[in-house]
Amino acid sequence: MSVVDLYRTMRTIRRFEERVVDLVNANEIAGVTHEYVGQEAVAVGVCAALHADDVITSTHRGHGHLIAKGADLGRMFAELLGRVDGLNRGRGGSMHVADLALGIYGANGIVAAGAPFAAGAAWSFSVDGSGRVAVTFFGDGGVNQGVLHEAMNLAALWTLPLVFVCENNGYAVTLPQERSTAGSVVDRAAAYGMAAEQVDGMDVEAVLDAATRAVERARAGGGPTFLECRTYRFFGHHTAERTMKLSYRTDDEIERWRERDPVATSGARLDPDVRAAIDTELESLLDAAIAFARQSPRPDPADALEFVYASGALPRRGVAR
Amino acid sequence: MSVVDLYRTMRTIRRFEERVVDLVNANEIAGVTHEYVGQEAVAVGVCAALHADDVITSTHRGHGHLIAKGADLGRMFAELLGRVDGLNRGRGGSMHVADLALGIYGANGIVAAGAPFAAGAAWSFSVDGSGRVAVTFFGDGGVNQGVLHEAMNLAALWTLPLVFVCENNGYAVTLPQERSTAGSVVDRAAAYGMAAEQVDGMDVEAVLDAATRAVERARAGGGPTFLECRTYRFFGHHTAERTMKLSYRTDDEIERWRERDPVATSGARLDPDVRAAIDTELESLLDAAIAFARQSPRPDPADALEFVYASGALPRRGVAR
Amino acid sequence: MSAIRYLPAMGKALRDEMAADPTVFVVGEDVRASLRGVTKGLFEEFGPERVLDMPISEQMFTGFATGAALAGRRCVVEYQIPSLLYLAFEQIANQAQKLRLMTGGQAAVPVVYLVPGSGARLGLAAQHSDHPYSLFAHAGVKTVLPSTPADAYGLMVSAIRDDDPVLYLAPAAVLPVRGELPERPEAVPIGSARIHREGTDVTVVAAGHLVHEALAVADELADEVSVEVFDPRTLYPFDWELLAASLARTRRLVAFDDANRTCGLAAEVVATAAEELPLVARPRRVTRADAPIAFAVELERAVLPSREQLAAAVRAAASEGGS
Amino acid sequence: MSAIRYLPAMGKALRDEMAADPTVFVVGEDVRASLRGVTKGLFEEFGPERVLDMPISEQMFTGFATGAALAGRRCVVEYQIPSLLYLAFEQIANQAQKLRLMTGGQAAVPVVYLVPGSGARLGLAAQHSDHPYSLFAHAGVKTVLPSTPADAYGLMVSAIRDDDPVLYLAPAAVLPVRGELPERPEAVPIGSARIHREGTDVTVVAAGHLVHEALAVADELADEVSVEVFDPRTLYPFDWELLAASLARTRRLVAFDDANRTCGLAAEVVATAAEELPLVARPRRVTRADAPIAFAVELERAVLPSREQLAAAVRAAASEGGS
């Protein structure tokens, strides 16, 4: 992927998220959303190393992963607005948005719960001999969930084509990583004899390089790799945070990280005119995507019991007929 | 603890378990029991390093841990026979036998489930400043349970007075350790920056030395230690295994390990007459213990709903009154 | 007497118990910063040895509470989301809850499992909207679901003082409710129900936020049907005596329940009434469908039990069995 | 036709489906060696890519099955103990079961959660004796509990072919049962109940091993009461149509259930009957107490539902409502 494309995708995520915040503030999006702003280089760098038929499992902070893996912006906005043209027909929302056709096994409301999915998919690919790879994203908070360790053990034991991508943004909501994680994050991989790298998660090209090594190792049958991407979230934990007085980060710290804004950094590497052209083009794309979402119908309450069972069975209703 | 006492306790466990097998075969003990035969040096070496008010969490293979921590033989037999004078009033049986007064937080039917209990107790001791220590026993199979990793992370993060004792007997039922565990067992501790040692689990004095270092570190506020004790179980996974044709270990392998029988090894270090005296004395102790258990009454079915709630509330019965 | 909201009432009870008993402490995620609001000010007042932020490892910190309990403390474990109880289910239902029986009465496990914000909260979608109390009642775990600030206070006090594991669910929909709290608020015993409104025709059993919905429906129907609103407050053990007394008057029952229908609390209430209590009309249930909550708010509302459904069920019950 | 035991019948169904469909595979603990007996010979026949021994990590290998399903395979996950389902509860009830709805119909998760030896087995004590099907029914998870070798075969086939998650519980007490199995045994559709014995006075609903207990009681009482023995076979979705047909004849119901009483399957059966079906006598439940199983066999038997309790309940039901 060219530097131009890397920038465009990062910028797309950035502006998508900023538009999402506006839509939440305008009460057009219900519930909470977890913005990816500040971490764009990780999703973009990692997914740039993947093929279309590789799979990823995402997190509660999933918009960036989906966009980087190629999800349609209009259908993503439609999902966040709870419309029938949403990727999940309005059934999933921000925390469950998925596109299986693109190998996106979904955002997930439960920390680290996607890791075993990725292990199952990676095993399946390895017995197929298809050369396909699975990537599981999780945060520094997710590093301490036991199921992640269970998955790391299996991936190393069976040399699965699986890449563990830890987005270490320093906090699990308000808990700083130093107060959640003994030892170092990368050392967790060593315990399983798994290849591991620490990467500058604010530099998309550094992430792409490391991800490319990891993905090639996986495709070549070399087994899993653990990537710790050091990054930072510029916004609150979720859109609801602004209504709370939580003071777990200093303005200073936020400022220092904002100076390393990954979108600005990679944008600065482009010819200003090229960059300006991309930026303006993007705004109209996002306008169109939001317009598409807004015109999409809301689901019919009469359909509330659909899509529960693949066999087509309907669940029991809450009142006797 | 003197070499004589170490031997006596190991020999007690060995003969206790052999008597248990007889009682199971005679249908005096219901359900299944998991014998500790072959692993005696681990429980005895570790518990010899503990004070009376230190605590342990045990496993499904718990008889040895209980005896080493000082549990009464008669009340243990009574428990295994399901009698009211059992340590658990006949409510627990082999898989749940416990003696809280001795700091024995119980055998456990679920692999690694006791590890978080030990973390909670260790934290409690550390805030008390009591200098007390908690030990959690688990097997090589337990090493791959996520909750153990969650507990290791916390213990290292908070420098808890907690000793993780892995009894690596090479198998989780039929699964050899090489097919269950990536990397090495001790390396798991390194991931958390936790002190770790590999110990010859067939040599009680080696275990005692390592355990003493670990327990002293814990008491001194130096935090947790992980001990991997290499050992072997001489019997089947449980007493029911003889009725199954499982061939996951070669007779050779069993023979090779039996040559390193920990009870024989430490017995050989004693004056033969001293040893013979201990052995004969022990048999009468065990006879008396079994006699005590056999004369103890069976629980009254009318009491089946007692001891469910500490508040004294009775659970609902299965039929309307 | 002063008016207070439900959430701070819970927090006050926790604070008062921590002040009264040095063995009481809290663990959970973001409890220092009090993301969920219950532990506000507790870290400042009681410090790091009483208010413990945990790494994301629910299974471990649930068992941690058991171990601390065995070592003589009383732990309140906060979970940010109801479905996190599923991660800890083995540690709660198979370990903590069974330890007393398994040890033949040696162990006591005074632990409170607290979910501030259980059930649905518009737009939180499938994994953040469950109301899993029926699962714990099935396992025999003491379970409370307070509906007012005074009960939120009083049941928190009792849950902390109780020597057994207690699940304490505070529905998201009830957290903002205001109510009176006396200067010296009292403990509300576990296992005691409360009749919020007396009536003669139909008894509506509703807990948590649904009590307020039921009261609203009772008002609406006031000149048609005399509705008694019965709030169990504790779901396990259930106050069958008071329900029997209520049904002795009304002889008609509607169970209004925010849990899934199958094997839910309403099923238990209806089954017990049908088997053991006086009824002149068919008992009825108004519950969730057995479906996950979809994100779109129209769909979410469609699977939750509604006032309209309750009113219809009450009318139908009232129309049966003469008077 | 040939006589076969229940356990090998399950194994044969699994083997036949694996032979017929290369995407079907098995994971679990000690499945190569077949500690539980269901997978006997499968490793030898299908090799390491179809029969996978897992490290002790139930949460992971349950989610592993989901991932493999999303990648196009069909997984049977074996659990050695019923309570291990508690460790995987989040992955089953909150992930696999909800994925189809959450993805708006994109995902299918054809996974079978298999427990060969559920419920009590004399002397296995508190943590190895639960019968947790009501928890999964509450979550809307398709759940089967076969009572005969033919049903064990036929429901295994249907569970594997089903595109949704299915919980398959084989009670320990029924594993040795013998029965006929045709040369070409057939699939038994999920959701279809079976009447094992026709009767005119009282319908006894019983599943799994309790079907055989109920049949024995029906024999005992034969010259007093005409008992119909109704075996749901699938607990969710429940075959309410066939139960309605049965009660239309008998108009009397006793639910005989190996789960805890509160919010258990019997509560659902009784609640639904009381609300929707014709009854001339009070419906009754004979269930476990809401207590863990103690080790001593006298105590274990005392909390399990018994033939004596069933006979008494049937007699009491028969004595009500005229004829």
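When the chains are written out, they are named A, B, C and D in that same order, and each has its own residue count from 1.
FYI, a residue touches a chain if its C-beta (ideal position, glycine included) is under 8 Å from a C-beta of that chain, and two chains touch if they have at least 3 such contacts.
Not measured: the values here are computed from a predicted model.
S.K.: Based on CA centres, what chain would you say lies at the far end from chain D?
M.R.: A
S.K.: Using the average of all C-alpha atoms in each chain as its centre, how far is it in Å between chain C and chain D?
M.R.: 30
S.K.: Between chain A and chain C, what's the gap in Å when you average each chain's C-alpha atoms?
M.R.: 35
S.K.: Between chain A and chain D, what is the gap in Å from one C-alpha centre to the other?
M.R.: Those two chain centres are 39 Å apart.
S.K.: Between chain A and chain B, what is the separation of their C-alpha centroids in Å?
M.R.: For chain A versus chain B, the centre distance works out to 44 Å.
S.K.: Could you say which residues in chain B touch two or more other chains, in rising order?
M.R.: 88, 90-92, 96, 108, 110, 144-147, 150, 153-154, 157, 179-181, 308, 315-316, 320
S.K.: What positions in chain D touch 2 or more of the other chains?
M.R.: 55, 57, 59-60, 83, 87, 90, 94, 101-102, 125-127, 140, 262, 275-276, 284-285, 290-292, 294, in rising order.
S.K.: What pattern do the touching chains form: line, ring, star, complete or other?
M.R.: complete
S.K.: Which of the residues in chain C come into contact with chain B in the complex?
M.R.: 49, 54-55, 57, 59-73, 75, 90-91, 94-95, 99-110, 140, 142, 162-164, 190-191, 237, 275-276
S.K.: With touch defined as at the start, can you tell me which chain A residues reach chain C in the complex?
M.R.: Per the stated touch rule, the residues are 29-32, 79, 82-83, 88, 90-96, 108-112, 141-142, 144-146, 172-175, 179-181, 244, 246, 248, 298-305, 308, 315-320.
S.K.: Any idea which chain A residues touch chain B in the complex?
M.R.: For this pair, the touching residues of chain A are 144-150, 152-157, 179-184, 187-188, 190-194.
S.K.: Can you list the residues on chain B that touch chain C in the complex?
M.R.: 55, 57, 86-92, 96, 98-101, 105-106, 108, 110, 113-125, 127, 134, 146-147, 150-151, 153-154, 157, 306-311, 313, 315-316, 320
S.K.: Show which residues of chain C lie in contact with chain D when the two form their complex.
M.R.: That would be residues 59, 83, 86-87, 89-90, 93-94, 97-98, 101-102, 125-127, 130, 134-135, 137-140, 236, 238, 259-260, 262-268, 270-276, 282-285, 290-292, 294 of chain C.
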